[in-house]
Amino acid sequence: MKWMNSRSAAGIALVAVALVALPFVAAMGGQAWVRIVDFAILYVFLALGLNIVVGLAGLLDLGYVAFYAVGAYVYALLASPHFGLHLPFWAIVPMGAATACVFGVLLGTPTLKLRGDYLAIVTLGFGEIIRIFLNNLNAPVNITNGAQGITLIDPVAIGGFKFSGTTQILGISLSGPQKYYFLLVALAIVVILINLRLQHSRIGRAWQAIREDEVAAKAIGINTRNIKLLAFAMGASFGGVAGGIFSAMQGFVSPESFSLVESISILSMVVLGGMGHIPGVILGAVLLTVLPELLRYGVGPVQQALFGKVLVDPESLRMLIFGLALVLVMRWRPAGLWPSSERRRELAEKT
Amino acid sequence: METFLQQIINGLVQGSIYALVALGYTMVYGIMGLINFAHGEVVMIGTLVAITVIGGLMAAGVPAVVAGGTGVLAAVVVCMAIGWWLERVAYRPLRHAPRLTPLITAIGMSIVLQNVAMIVWGRNYRTFPSLIRSESFEVAGASFTTVQVMIVSVSTLMMAGLLLLIYRTKLGMAMRATAQNPQVASLMGVNIDRVIAAAFVVGSALGAVAGVMVGSYYEIAHYQMGSMLGLKAFTAAVLGGIGNIAGAVAGGVLLGIIEALGAGYIGDLTHGFLGSHYQDIFAFIVLIGVLMFRPSGLFGEKTGDRA
Amino acid sequence: MMVENLSPPLLEARQVAKHFGGVKALRDVSLSIRQGEVYGLIGPNGAGKTTLFNCLTGLYVPDGGSFIFAGSPLAADAPHEAAARGIARTFQNIRLFGNMTALENVMVGRHLRTRAGVFGAIFRDPKTRAEEAAIQRRAEELLHYVGIADRAWDLANNLSYGDQRRLEIARALATEPKLLCLDEPAAGMNATETAELRRLIEGIRQDGTTVLLIEHDVKLVMGLCDRVAVLDYGEKICEDVPAAVQRDQRVIEAYLGGGHLA
C-alpha cells in the first residue's frame, strides 16, 4: 500500500508540475495557444457538467448549450456598458448558475417523463428557442442587442486583481490568458471533485440506477422524476457558471456562440471520451478542443508542402477530418476512447 | 380571412416538404430505433446535385422538361447511393453498440457530408434554375403558384407510392415485420440487413425529391440548408409519433401550417412585441406542448413500462 | 409454523381489475395477505400473476378496485410510494442495475431509507459520511445474508443467474419492506440453488417480513407457503392452504394441459 501511495503521490506531483508549466509552454507558440488551452479547460468544465446529465443519469440532452448561453448572457448583461451595470464577478456567477438552474427546472419539469429520444429532440428544440430569443430580443425593447451581441464585457476581477492585461507576479510576467488559465484550472479541479463525489454518493447512485433501469429504480423507491430533475438542474448550473466565465474571458457574446453545433460538440466530448467516466470525459473535451485547432493551423501548410498550393479550403477540410474522427472513433471504440474499466470489461466480454 | 387562407396554403406547401423529409427519419427510426441525423444533409445534397445537373443541361441547350427530369433522377440516384453508403459504412457496424454511439456517428456523418458539399459546391448560395414559368392563381383572395401546386401534388404522389410499397409489397411487409420485432422477423426468413438498407435507400430517395422541391420553391440552395430543414422534419416526425408513417405525414403538414399561421399572426397576438422572425420557435414550442400531453406524439403508440 | 388466522391483513386487494385492450388480465381479484405469512400466487402462464404484481407496485394503474396496505389505501401509479410504504419486489426477468457492482445495487436499495442530498455529497459532512458508511455496512450485511458476499465488487451483469436472483432479493430487502413480492425467484435455478432459496425465504419470514410469492415450482410453493391463491384467466379460482389447493377440482382442471402439477 505504501508503495502505491508514493506512486500516486508522485503521479499527482507530476500532473501538478505539468499543469503549472502548460501555459508557459503554450505561450511559446503565441498567446493564441494559451487561449486555446484556456478553452480546452472551459470545455472540460462544460463537458463534466453535461456528464452529470448524460453520463450519470443517462438523460440525452441535446440542448445543453442553452444553459451555457443563459449564464453567458446573465454575466454580459450585468457587467457591461449595455445596461451600464458593472456587478462584481463573484456576485454574478452564482446568479448565472441560479438562472440556468431555473431554466433547467423549467425545461425538465414537463419533459422528463419522455423517453430518451423524445427528450433529446425536446432539449434540442429548447436550445434553439433560447438562441432564437437571444437573436431577436433587441426589439421593441433592447434586451440582448440581437445578433450583434454584447461587447465590452468586464473581465473577471477578484478584489483588485484583474484577469485581463499583463501583470508581474514574483518577477514572472503573466498575460491575461495565462491568468485565466490558472483560474480555470482551479475551477476545473473543483468541478472534477464535485463530479467524483457525486458519483459515489446516494444521489449519484440513484442517477446511475435510473440510467441502468428506470423501472427497477422506481420499484425500489427512487422518485425518478425528482432525481432526474436534480440531475438536470445540476448540469444546468454548471453550464451557467461556464457561460459566465466564457463571457468575461471573451469580453463579447453573441447568439452565434450558442448554436446547436456547440451542444453537439459538448455531447461529443462526453461520448467520445467515455460516458460517465471522468478521465475519459476530460480527455474527450481536451481532444475535441485542441484537435480542430491543430487542424486549423496544420491543414493549410501541409497541403502547401504536399501539393505546392492550398487545394481545399482549410476550414472545411478541418471540419471534415473532425467529422470523420467522430465516426471512426465510434466505429472502433464504441464505448469511447477511455471508458471506465468496468465498461471496458463488459464490452470485451460481449464481443 | 385572406391572410388565414393564404397562410394555410403556404403552410400546406411547406408542410408537404417537411412530410417527405420526415418520412426518411421515421422509416429508419421505426425499423432500427436510430435518429439518422445525417438525413437533412442527404436532402441538401439532393438539392445541390439537381441544381448542377439541371443548370448544366440547360446551359447546353437541353429542353427544360428533359433537364428537370434528369436533374431529379440524378438527385435521387446520388441520394440513394449516399443513404446506402451511410448505412453500410457508418451504422451497420454499430447495431449492437451502446445507444449513444450511433447518434454520435450520425452527427459525425452529418458534419462530413456538409463539408464535402462545401468543398464541392463552395460557400456561396446557388440559384435554382427556373424550369417552368410559374404562374399565379387567385382563389378567394389568396394566391398560389404553379410550383406550389406541383410541390403538393408530387409529395402526395410520393406518399401514396410509399404507402403502396409498405402495405402492398413483400419488402414492405418485411419492413413492418422488422419494425415489430427484428429477431422474430429474421427467424421468419426476413433479411434484416436488406430491410434496413432498403429503409435508408427509400428514405433518401424521398429526401432527394424533397430537396429538389425545396430548391425550386425557394430558388436558392446552400450547403448549410440541410440542418434546419432536417431538424424541422425530425420535429414533424416526432410530433406525429416517430416510427409511424401516417404520423410523419400528418406531423409534417401540421407543422407547416402551424408555422405559417404563427408567422402570420404572431405580431398581432403579441401586439408587435414578437415579430415573424420568431417563426422557427413555433415548431419547438408546439413539439414541447404536444409531448407534454401525448408523450408518444399525436399518433404514436402508447408505450408503457414493461415489467 | 402455521400463522394464526386472527392476525390482521397486511395487504388486501379489493376487486382489482386490469385489461389491455380487449384482454381482461385481471377480473375483480380480491385477496388478503396476513401479517407474517408466506402467500403463494400460482396459475398457468398468462393467468395474470405478474399483472397483479405490477398493479400492486404501482407500475400499472388498475382499471378497477384498490389495494389496502397496512390499513390505508395505496396510491395507484406511484411506484416509489408503494416502495416507501413498504412493498418491495423482484422481477420475473431480473432487472438489476447491470453496470453497477453488486454492492452498489444493494446500496441503491437504501435510497428510500436514507437522506443525504447533493450538498452532503459534495461537502461530505460528518453526518453524510456516517450515513454513507451505514449504507455500505448494511449493504454488505445483506449480501452476506443472501449468500453472495464474495461477489460484492463484481458488476451485476457478470453474476451467475442464481446470484443475480439473490442480488435482486438483497436489493429489495434493503428498502426495509413489510411485504416482499418475489416474481418466480426459482426460475432457472437447479435443485441445490432452489433449496438454498427456500432456506433464504424461510429466514426472511422468520425475520418478520411477509412474503408474496409467484412461483411455478410447485414443490417449493407447497412446501413454503402458508396459503396459496390460484389465478386462471385473470380470475381467482381458489385460495386455501396448500394441501387443500392441491385437491381442488378447479385448480386441477386449470392446470390440465399446462402439466404443472403433474
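Chains: A, B and C, in written order; residue numbering restarts at 1 for each.
As a working rule, a residue touches a chain if its C-beta (ideal position, glycine included) is under 8 Å from a C-beta of that chain, and two chains touch if they have at least 3 such contacts.
Just so you know, these numbers come straight off a predicted model, no measurement behind them.
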> Which chain is in the middle, if each chain's centre is the mean of its C-alpha atoms?
Replying inline: A
>> Out of every possible chain pairing, which has the most C-beta contacts?
In response: A-B
> With chain centres defined as C-alpha means, what is the inter-centre distance between subunit B and subunit C in Å?
Replying inline: 48
>> With centres defined as the mean C-alpha position, give me the subunit A-subunit C separation in Å.
In response: 43
> If you average the CA atoms of subunit A and of subunit B, how far apart do the two points sit, in angstrom?
Replying inline: 32
>> Among all residues of subunit A, which ones touch two or more of the remaining chains?
In response: 215, 218-219
> Counting only residues that touch at least 2 other chains, which ones in subunit B make the list?
Replying inline: 305, 307
> Which residue numbers or ranges of subunit C touch two or more of the other chains?
Replying inline: 57, 59, 91, 95
> Which of the residues in subunit B come into contact with subunit A in the complex?
Replying inline: 29, 33, 35, 90, 93-94, 96-105, 107-112, 114-116, 118-119, 123, 227, 231, 234-235, 238, 242, 272-275, 277-278, 280-281, 283-285, 287-288, 291-292, 295-297, 303, 305-307
> Where on subunit C does subunit A make contact in their complex?
Replying inline: 57-59, 79-80, 83-84, 88-89, 91, 95-101, 104, 107-112, 114-118, 120-122, 124, 128, 131-132, 135, 155, 157-158, 171-172, 174-175
> Where on subunit A does subunit C make contact in their complex?
Replying inline: 194, 197-198, 201-206, 208-209, 212-213, 215-224, 230, 234, 342-343, 345-346, 349
>> Can you tell me which positions in subunit A touch subunit B when the two form their complex?
In response: 54, 60, 110-111, 113-118, 120-122, 124-126, 128-129, 132-133, 135-136, 139-140, 214-215, 218-219, 260, 264, 267-268, 271-272, 275, 312-313, 316-317, 319-320, 322-327, 330-331, 334-335, 350
